[in-house]
Structures are given as C-alpha cells and as structure tokens.
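Below you will find the structure I want to go over with you.
The chains carry the letters A, B, C and D, assigned in the order they are written, with residues numbered from 1 in each.
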Amino acid sequence: MYQPVMMTPIDFRSDNTAGAAPEILEALKKANTETAPAYGQDRWTLELQERVRELFANPHAQAFPVMSGTAANSLVLSAMCPPWGSILCHESAHILQSECNATSMFGGGASIRGLAGNGHLLTPESLQDAFKNTGWGDNHQSQPSVLSLTLPSDFGTSYTLDQISALSETAKQRGLSIHVDGARIANVLAGQKISPAQLVRSSGVSALSLGGVKNGTLSADAIVSFDPRISEQLHYRLKRAGHIASKMRFQSAQLIAYLQDDLWLRQAARANAAMARLSAGFMDMGWNVLHPCSVNMAFVQMDESFAQRLWDLGLLFHRHPTGWARFVTSFATRSEDVDEALRRASSLR
Amino acid sequence: MYQPVMMTPIDFRSDNTAGAAPEILEALKKANTETAPAYGQDRWTLELQERVRELFANPHAQAFPVMSGTAANSLVLSAMCPPWGSILCHESAHILQSECNATSMFGGGASIRGLAGNGHLLTPESLQDAFKNTGWGDNHQSQPSVLSLTLPSDFGTSYTLDQISALSETAKQRGLSIHVDGARIANVLAGQKISPAQLVRSSGVSALSLGGVKNGTLSADAIVSFDPRISEQLHYRLKRAGHIASKMRFQSAQLIAYLQDDLWLRQAARANAAMARLSAGFMDMGWNVLHPCSVNMAFVQMDESFAQRLWDLGLLFHRHPTGWARFVTSFATRSEDVDEALRRASSLR
Amino acid sequence: MYQPVMMTPIDFRSDNTAGAAPEILEALKKANTETAPAYGQDRWTLELQERVRELFANPHAQAFPVMSGTAANSLVLSAMCPPWGSILCHESAHILQSECNATSMFGGGASIRGLAGNGHLLTPESLQDAFKNTGWGDNHQSQPSVLSLTLPSDFGTSYTLDQISALSETAKQRGLSIHVDGARIANVLAGQKISPAQLVRSSGVSALSLGGVKNGTLSADAIVSFDPRISEQLHYRLKRAGHIASKMRFQSAQLIAYLQDDLWLRQAARANAAMARLSAGFMDMGWNVLHPCSVNMAFVQMDESFAQRLWDLGLLFHRHPTGWARFVTSFATRSEDVDEALRRASSLR
Amino acid sequence: MYQPVMMTPIDFRSDNTAGAAPEILEALKKANTETAPAYGQDRWTLELQERVRELFANPHAQAFPVMSGTAANSLVLSAMCPPWGSILCHESAHILQSECNATSMFGGGASIRGLAGNGHLLTPESLQDAFKNTGWGDNHQSQPSVLSLTLPSDFGTSYTLDQISALSETAKQRGLSIHVDGARIANVLAGQKISPAQLVRSSGVSALSLGGVKNGTLSADAIVSFDPRISEQLHYRLKRAGHIASKMRFQSAQLIAYLQDDLWLRQAARANAAMARLSAGFMDMGWNVLHPCSVNMAFVQMDESFAQRLWDLGLLFHRHPTGWARFVTSFATRSEDVDEALRRASSLR
C-alpha cells in the first residue's frame, strides 16, 4: 500500500520558510517596555543610524526599515532612476522576474532592461554591448541610469569583489549609479569573507537593499542609502508607499539585533555551511548540481518522477516545471537535518 | 530655579506611542515554532480568512495584512477607483491630509476631493451638493467613484449607523462604492456597541481598512475586502507595492490574536473609558474641549503658555501651532495614569 | 406655432469653436514644400526657439509645441513638482477642475491643492494661510512646491502685474516655483498692455503654458520653459507622453506665424474688444454680469427659461445648470455679430 | 578638391520627412469655414466614426484621433493591460525600443516583454515558450495580458494573414487580447492586398494604432478600438493625457480625407512601389539588402566609408553605428528620385 510523506519533513523549500531568530524575538520583547514616539522618531531608529554608519564605514549611510525586499528594491530604484530611465541588470534578476512591475510602478514608468550573462552574472563586456546599442540622449529611448547587481543571484552565484569593481567602473564611466539587491547579501559577505565596508568601497554603491527576513528577522528588511539625495527622497517615497511603520521601533529593534555582534553574518555562515555539506553530498551521489553553491542554494537537474520520490521521503524543496529542483538552507537548518536528508536521498537509485 | 519635566511622563501623544499587547507577542512566539510556506500560503493566513468571514458575517470577506494604515487605504482605494476617478471624503480626512499623495500615486493619478461638513462629518446634503457640481461623463472632470468614510474622524467624531446608512445610500444612487478608513474602527464599534457584521450590513461597504497597530498589534493592519473583484486586484497590487510579507504568518498570527475573543474591542473599550474619564476631568476644570469625545481622543483649545506649563508637569500630548492640543489614550493607558494626569493638571490655574 | 432656432446662429459658446486664422493655414502650406527632419530637428522648430528667446527677453527660454493646454499644463507641472509635492492654485483653476487628473497622473501622484480667493484670484494672504497649515518637511503631508497662476482665470478675471509680483514673492519665500497657465494669456497681455518680457520678469515664472488654439492656431499650444532643468526633463517627458510630433515642423510653423508681427496679441485684442462691446450691451440691458469682463468672457446670471429664449433667438452660449451663462468671443467674432446679438437679445423682456 | 554634398539631396531618411498630402491640406481648409463644437462634438468627428465602422466592417469600431503613434500605442495599451500585466511583443518592437517607457508610464507600471524571433517576427512557438516560463496567477510575476503585433516591423518585415491568425489564436487561448501597432499598416495592407476588414476579422484585434502621419496626414494618427470597454476608458484616458484636441475637427477632417477613396492605400502603394524599384536596384548592384523589402523600407549592410561616399552624392538615409543603413520611401517619393538615386549609387565601386 502507498504511504505518502510518512517521514518527518525536512524543509529546503526556501529560507523564507524558517521563522525568526530567538535574538530577534527577544529584541521585540525588550522594545515593548515603554512608550515611544511614532514614525521613526524613536531611539531605536536613531541608534540604527549609528550602527549602519559604523558598519559600512560611511558617514552618509542611512537605514530605512521596510517590510520586504520588493519594497526595498523598488522604492530605492524609483529614487535613483528618472521615469524615462532604465535600470540595467541580469536578465534573471529578481527585480525583473519576481517583483510584478514594482519598480516601474513606483518609478513612474522607469523600465528594467535585462542583459544576458553566463552563470546569471554580468560582465563589463555585456554592459559595454548594451551601451553601444543605446541612443544616448535620444528621447525615443529610455536612458540607462542605474546598474543593479543581485548579490547573490537568485541562482546562488556570486560576483567577487574584483568583478564588482570592474562592473561598477564600467557603469560609472557612462554616468550610471550602482544599486545592490542584497536580499541574501549576508550569505555572500560571510561566504567570501568580505566586510560590509569593503563591499561599499569596492562597489561604489549608492544604495543597498539589505535583506533581513530570509536570514532571521521577523519582518524587517532595510534600504541603506549612501547618498543624501536618495535619502531625502526616501523620506517621502516610503511614507506615500505605506512603508513608514507607525511603531517603527519594532522594525529598528529587529535590525539592531540582527546586526549586533555579527548575528547576520554568523547566521548566514551557518546556512552556507549547511548547504556546502548538502551539495557535497548531492555531488557524491552523482547528482547534477547546476551551479557552484557559493551561498545557501543548490539547483539540481532531476526529472519529475525522481523529484516525486524524494518528496515522498519527506524532503521539501522547490520543483520547477522545466526539470530542476531548488534546495535552500537557512540559519535554522541543523546539520542533523542535512545528514538525515542525505541518508534518505541515498536510498534512491 | 526652573526644573523642566522632573515628573514621570504620562504619554497622551498618540495611541501609536504605546507598544504591542502581550497577547500579540505571545502569538508571535507561538507562530515561530515551525517552518511554514512563505508569501501567505501558511496556515495562519488561511485561518485568518475564516475569522473575518465569521466576524463580518460575509462569505466574500477576505483579509490582506499590511503594515500601515496608509498602505491599507491607498492600496484598496487604488483598486476601487479608476485612474480618472475621484474619491470623495471629508476635507479633514486622513487619506487627504496625512498620506502624502499615496492614493494618487497607487491610483495612477486618481484624485481625492475633500468636502466640507460640520464636526468633521459629511451629510447626505454635502454629497448631493458635490454631485450637482459634477459633470457626469464629462471627460474634463474626474468622476466621483468612491465615498470614503473615516471612522472615527481624525478629530474623534463618529457617525451613527443611521448616518452611515444614509450616506451610503446617497452615494450608491450615483454609482459610488463605499470605503471605510477604520484606523481606529474598534474604538467606534466598542463605543457605540455596533457589531462588525452590523457595520458591514448597514454601510454596504466594499472594503474596510482595519486598523490594528494603534490598538495593540506590533506591525499588522489589514484590508478587509468584501468584493471579489477588489480582492483579485489586491493579490497583485499588494505584491508590487512590497506589501506581501515573505513571513506572512507573523502578520496573520497577530491579526488572529487581535480578533480572538474580542481582544480588539476590549482594548478599544479600555482606551475609550480612559478618555471618557480624562475628558470629563478636563471639562470639570472648565477646559474648552472642542468635540464630543466619542472615542479615545480629546482636542482642547489652549494657548502656548498653558500648554507649556502642562508639558512641564510631565503630560505629553500633541500641540498644534494654531492653538489646540490633542490628547489620545490607548489600550495601555491605566486609570491611575488618568487620575495622576488630572491631579497634576488641576494644579494649574 | 413654436419655431426653434430659425435665425442664423451667433456662436459665443467658446473661443474653441472658432477655426484657425488664415495666417496659420498659410504657414502650414508654406512649410509643406520640402522634406524636413522629423521630431523637432527641423528649421522651423529651431527658428521658434530664437523667437521665444527674443519675445520673452530670456536666454533660457525654450518652446515645446504641444497639442493642447492640458498637455502643456500637466507635463510641465510634472517636471516642476516632485511626486510627493503639491501644486497650489485657486480652487476654480482649470488644472484642478477641468483636466481629469492629468497633472497627478503625469506627476506620479503629485496633488493639486485649491485655495479660496475672491473673484477667482489668489492673494498673498491666502498663500500665507496655506503655508501656516503646512507641516513643512513632515512626510505625512504633500509639500507645496509650485504656485500655478491661471491667467486669466476661467471666469475671465485677471491679476495685475503688481498682484502677480506679490504672489510670486510670497511663494518664492517658501521655495515654491511659479507656473503660469496661459491658455488665454494673449488676452491678458493685450488687455492690460503688458509685454511678454514684462510678465516673465515680474512673475519670476519658471514655465508658462502658452495657449494658441483658442486664439487662432489650428493645433498648436506650447510650453515655454525658462529653466534649463525643466527643459531637460521635457525632452523626455514629452516624448513618452506621445507629445513629440513626428512632423513637428507643422506645429512650430503655426507657432512662428502666431507670434509673428504680434498676430497673437492683435487677435486677442480683437476678441477682447468684441467682448467689451457685448458685455457693455448686456449691462445696458440691465443683465447681471457676474465678473468684470477684462478679457473675452462674460458670465451672466439668468434662469433656464430666459436662457432658452435667448437660445431660441440663435444665440449660442454655454449654459451651466446652476443658473449662469457663459459668453465667449474670439478673434473671429465680428462686430456685426455682436451688434446683431445685442439686437436680438434686446427683444427679450 | 573635396566637394561635399553639391548634388540635390534625395531624401530616404524616413517617411516622416515628407510633408502632408495635398488632399489633407485641402481638407483642413474646408473644415475651417464655420464654427464647430470643441473636444470632438463636431460633425467631422461624428462622420469619422461612420467611416471606420464601414471600413473595418465592425459595428463597435470607434476612432480616437491622436497626434502621434506613441500616443496611440501607449494609451490604448494602458487601457488593455492591467498595471500588473505585461504586453508581449517582438524584442525589436517599436513600443519596446523607441517610445521611452510611454506604455509603462500610462499603464501604471505595466511592463513590455520582448520575445525573440527571426526576421523581427514572432511565431506561435515563441509565444508558447513565453507562456511556459510564466507563473500564471503567481503575483510575483507580471501576467501576460496583451499580444502586440507590429505591422510591419520596424525592419520592414510583415506577417501574412495566416501568420497573424495563428499568433492570435495562440494568444487568445491564454486569455490575451490583441493589439496591432499599425504605424505603417497601410503599407502592409496595400502590399499584400489585404482589406482592413479582413485584417480585423483574421487577427481578432481589440484595438489598432492606425498610422497616418508617416503616410501623408499633417498631424493625425488614430486609435481604432473594436471593444466598447476599451473605448469607454479612452474617453477619459485621452483627455487626461492631453490628447483630446479642442479643435478636434481638424484632426478628424484629416483622417476622413486620409481614408476617403482609399487615399491611404494608394499613397502606401506608391511608397511600396518606389521601394521595390529602389531595392531591386540595390540588389542588382550586389548590395547586401538585409530583409525582404515587403513595404517601404530597405536595410543595407555597408561600412562607414561607403555610407559616407553615398551621402556625399546627396543620398540622405539613416546610418546606424553598427554598420547598416536604412532607406525609406514615402508617398511623396517620385520614381525619378529613385532612378536618380540609383544612377548616382551605381557610380560607386
């Protein structure tokens, strides 16, 4: 008799399926013991500003808590790109594929132009090609205004610091400013042992979408702006987008705890390590792992029937109709979960 | 020697300065003990739907958690009003005065038309006047499409059920649909002992902005739609506005706890009672209380010097440059706070 | 027996009902004798730039032909006002009442805030009042950014140069820039014998919507910008609004002919003179003319039955349901038309 | 001694460089002999409606005169596609490459998704591929809502009626509606001897951008809608975009004359014939003509130095930096111009 999913599930569907870190819940509890001014005038939000200035070693750094990566990306890009401009990114970028026109909506029509590139990464050459096909100053065409780098890509690949510098330099020669979509930026920093300050310095980034929710906050992502002209716009743009929390202290308290004592980097390192172990196991079994697993995601080619049998063993993961599966680990993935997953998987032939 | 603010502050600045209710923090803790699908596919968000269908006795009721009242108002209004339409409301309405063009932005240019009315309340006559001055079908003019009622008004005044019915009927005769901005709706329901189902029935409301944060949630307000065509739009509109939380369960869990066992109505009743006691005390002292205090707000006319002296006694409240002060109580205001505030105030002559 | 409209109609419905001046048709014919680069690279458009620099005595003056006053107003205002800003104007202003949310649409949500004022005119005091009720820098509120003056108002009233200067000065003290909606500006300039250069100097205007169609062009109005930052935006904003004519020469040729040898001012003077004669006749008959007729419009209070009888005598005019009639003359109104109209009207008692 | 451009220029830069047809100027002159109601209430605009209903053999056909192809495309697409939707087209489509984000702006963020396809043409397979990569109903992704076919493509290639039917059928199976960008539609209809009614029937088109300016009107293109729900929106959408001419009769009169006695098709046939003759000559000389010249455009691969020498012989054409030249004929191109151009070109080796 067929017995589906009798085993305890092990969840690799997404780092979004994990809950919040205990440190975050603790921070919320502590922030709840007094009254505080609303709309960001509280002492937590003020403290958060100091933290990001230190962390990114940049006196202009300013943090704007928001509740989702889509909010962070689309709102900051609308402040960086004129309505007749375009944002260049890889054609698989999250801002182009997975945010339902958010940037064009907030940006008054600003368009996103996806460029090709191996391994979901851009090269200076791909940028140069796009520039060659641009009628600069021709008002029939949207004008390239921002380069957005997804760090890591939605397929788990990452740029090195040198690659980021080279892309940034190429972009700046044509007057573009730089945005980093860092929904999982901690995984890159931890994986490559890059400091936040190094990233800012090497990339010449004007603004960064700083992911928190996938890596342990409850509801807090942030925009970090390094340009006062962007910050001034965000003051208004966030409000009119409904992204100024009245009890902002609870958003800021999460972010303070998240950045405190490198919690974010330690959590990301844990997720990365779990994935390293998992994907090594996949490769040992001869599975077709599609990209080098530099962070906390593995993509494996497998047919539907194999995927179903894995699923029946209690492994939860994302199945794409075109024949691949995505496995994601998080700060909450335990090494015994990984081992047990590999043990079960190894039973399949 | 001058000794400013030596006394323990008593905070009447806003219901936004209070923290979250213990029940809400408890709900977050409980929702954090397992993995769960992201983006609203979790069991809390599913359960929330059942709750609102029961609570509002409406099979079409659908709840969309958002993080602010501005998000709730502007996003649902953008789904209700065509870009060339206008939303009618009182000229002091929050959507017109305090949301920095959010509705026009999300609404693709839709405009908000403020109408006059005593006590910050509209009458069927004020609506009729607006209709008379409208060129229906004339494409030079934005077409009235939605009536938005603020319940209570930002000045603490409220409609009765009969008044709401009369306004709704007048609006519907000209094809407008009805929106309720219920940032503090619990205070009205508790104050007038109206049930949520009665409100929906009498108002013929298509969608409601259901306030939570001012009354004890940590970060969760909601849109409640009663029209499947609005709900279908919100599915996309919220995503592209960055208002679909990846860990949505934490938003939904707050709202479930908030509605559970009438917590929201009990908390609002507490805030109302505190204000009743406070404003009665103000009137006993002969202060000029500007509007009948039907909910949890009092507006008092006072000059700058008097306001400063009160402030020096540790009373915190909102001071408006044109000569009035606003006092707001919340679910967290204790009756001893009220008594102490009145005791201090009575020392002033 | 009832005999409706047997008499030759005399058309006072609007200056929009007149056709184009012969000089304009002639200019089109001449511009049609060669091939020319598209999209504004032609010699007519180039020449137009010289003309406006001379005419307005301003080296930054730049003309952008558009096809309607709504296009001129809404596009230039979208370049002058940030999306979170507001444009202040009289509450009867055309941009607020008769353009179907155009400015908010192009402006990404920017709002228009109508202020009260006698005779459809603003005063420095009404501006000051609005400023007092503004939370400057408060992101809950749209920030006043532009003052738009309608010259003349849609009710035929006009500011003097001194009044314009005073308003401009008040507005600039709070950082607002100045826009003039000049759909009928020629009628004011001709009426008050103000030169275009004087208007620009006294008003400190950043951009002007220069009406042409109501006063004799076939399809050409224009934006005249005096600020290079606005001009740079318009280069793109007009294109993406579909307001860059491919055969731009035909728009520019109309405008050159319109401004040539003061044709525009001569035509406006003719319209004004016809109205002066007509309204004097109305007053002689004891009609209730509502505003001083400074330009080419008269508003007369009359009941429906009287209006119908006038209409039956072949007089065409705009009838408003609330009990007034609007008469408009144009460059094409002949003095014999006026005399005949008065002759017929005088037959009514 | 070097003698640049001594010869009479022969202009193949664009069909936009030609002027207006004499019939159009005549129509303007005739329409200028009376007063007429403004904003489209005139008898020309009324008559135009009858003409398009007959011409397209469709009782719902409704024409909306606009002043540019960009206006036609972007405004009608904004009425056909929800703000969270996407418009599918070929990756070289004019709406994507040459309209500076117009559709996304008017469409409240709606995006344009370019698909690959040989010869600048789509196939049902390319559509099916796009559909397979779409998460239907997934709110992270913009939802394919409209198929826009450029007829002919900007590179002079055209679909057959059968190809159009097949594409339309594929698109409609997934609920998309059909738009035709017909900036040069007359050239396709004349070239393939397709009647307007056949096109509408075979394509199942909901709305058509009907080019006029490139083919002989002075300032009039049009949207033709075949869906009353689109027409109702356009009533407002055009006004708030500044695309309702006050003296609309002059736009409508042009379009009536343009469609009268097949003027548009006769003019297009003339342009096509000139191009057939010209490109045949190019091929006789062994030039590398890049696409079959089905309409009035030829693309020729040539290096910069060859292009410069041609230019020096007085031939005007569009030179693209990546090594090709575009030649366009128009209704005004005379066969002696073509012969002379070929004579001069043949002198180059």
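The criterion applied here is as follows: contacts are C-beta pairs under 8 Å (C-beta built on N, C-alpha and C of every residue); 3 or more make two chains touch, one makes a residue touch a chain.
This is a predicted model, so every value here is computed, not measured.
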Chain labels contacting subunit B and also subunit C: A, D
Comparison of B-D and A-B by number of C-beta pairs in contact, larger one: A-B
Rounded Å distance, subunit A centre to subunit B centre (Cα mean): 34
Euclidean distance of C-alpha centroids - subunit A vs subunit D, Å: 42
Subunit B and subunit D: spacing of chain centres that average the CA atoms, whole Å: 51
Residues of subunit C engaged with two or more neighbouring chains: 39, 83-84, 99-102, 105, 108-109, 139-140, 236, 239-240, 244
In the complex with subunit B, residue positions of subunit C that touch it: 83-84, 86, 97-112, 132-133, 139-142, 321-322
Touching residues on subunit D, where the partner in the complex is subunit C: 11, 13-14, 16-20, 25, 28-29, 31-39, 66-72, 74-75, 99-102, 105, 213-214, 218-219, 236, 239-247, 250-251, 332
Subunit B-touching residues of subunit D, taken from the complex the two chains share: 39, 82-84, 108-109, 139-140, 143, 233, 235-240, 244
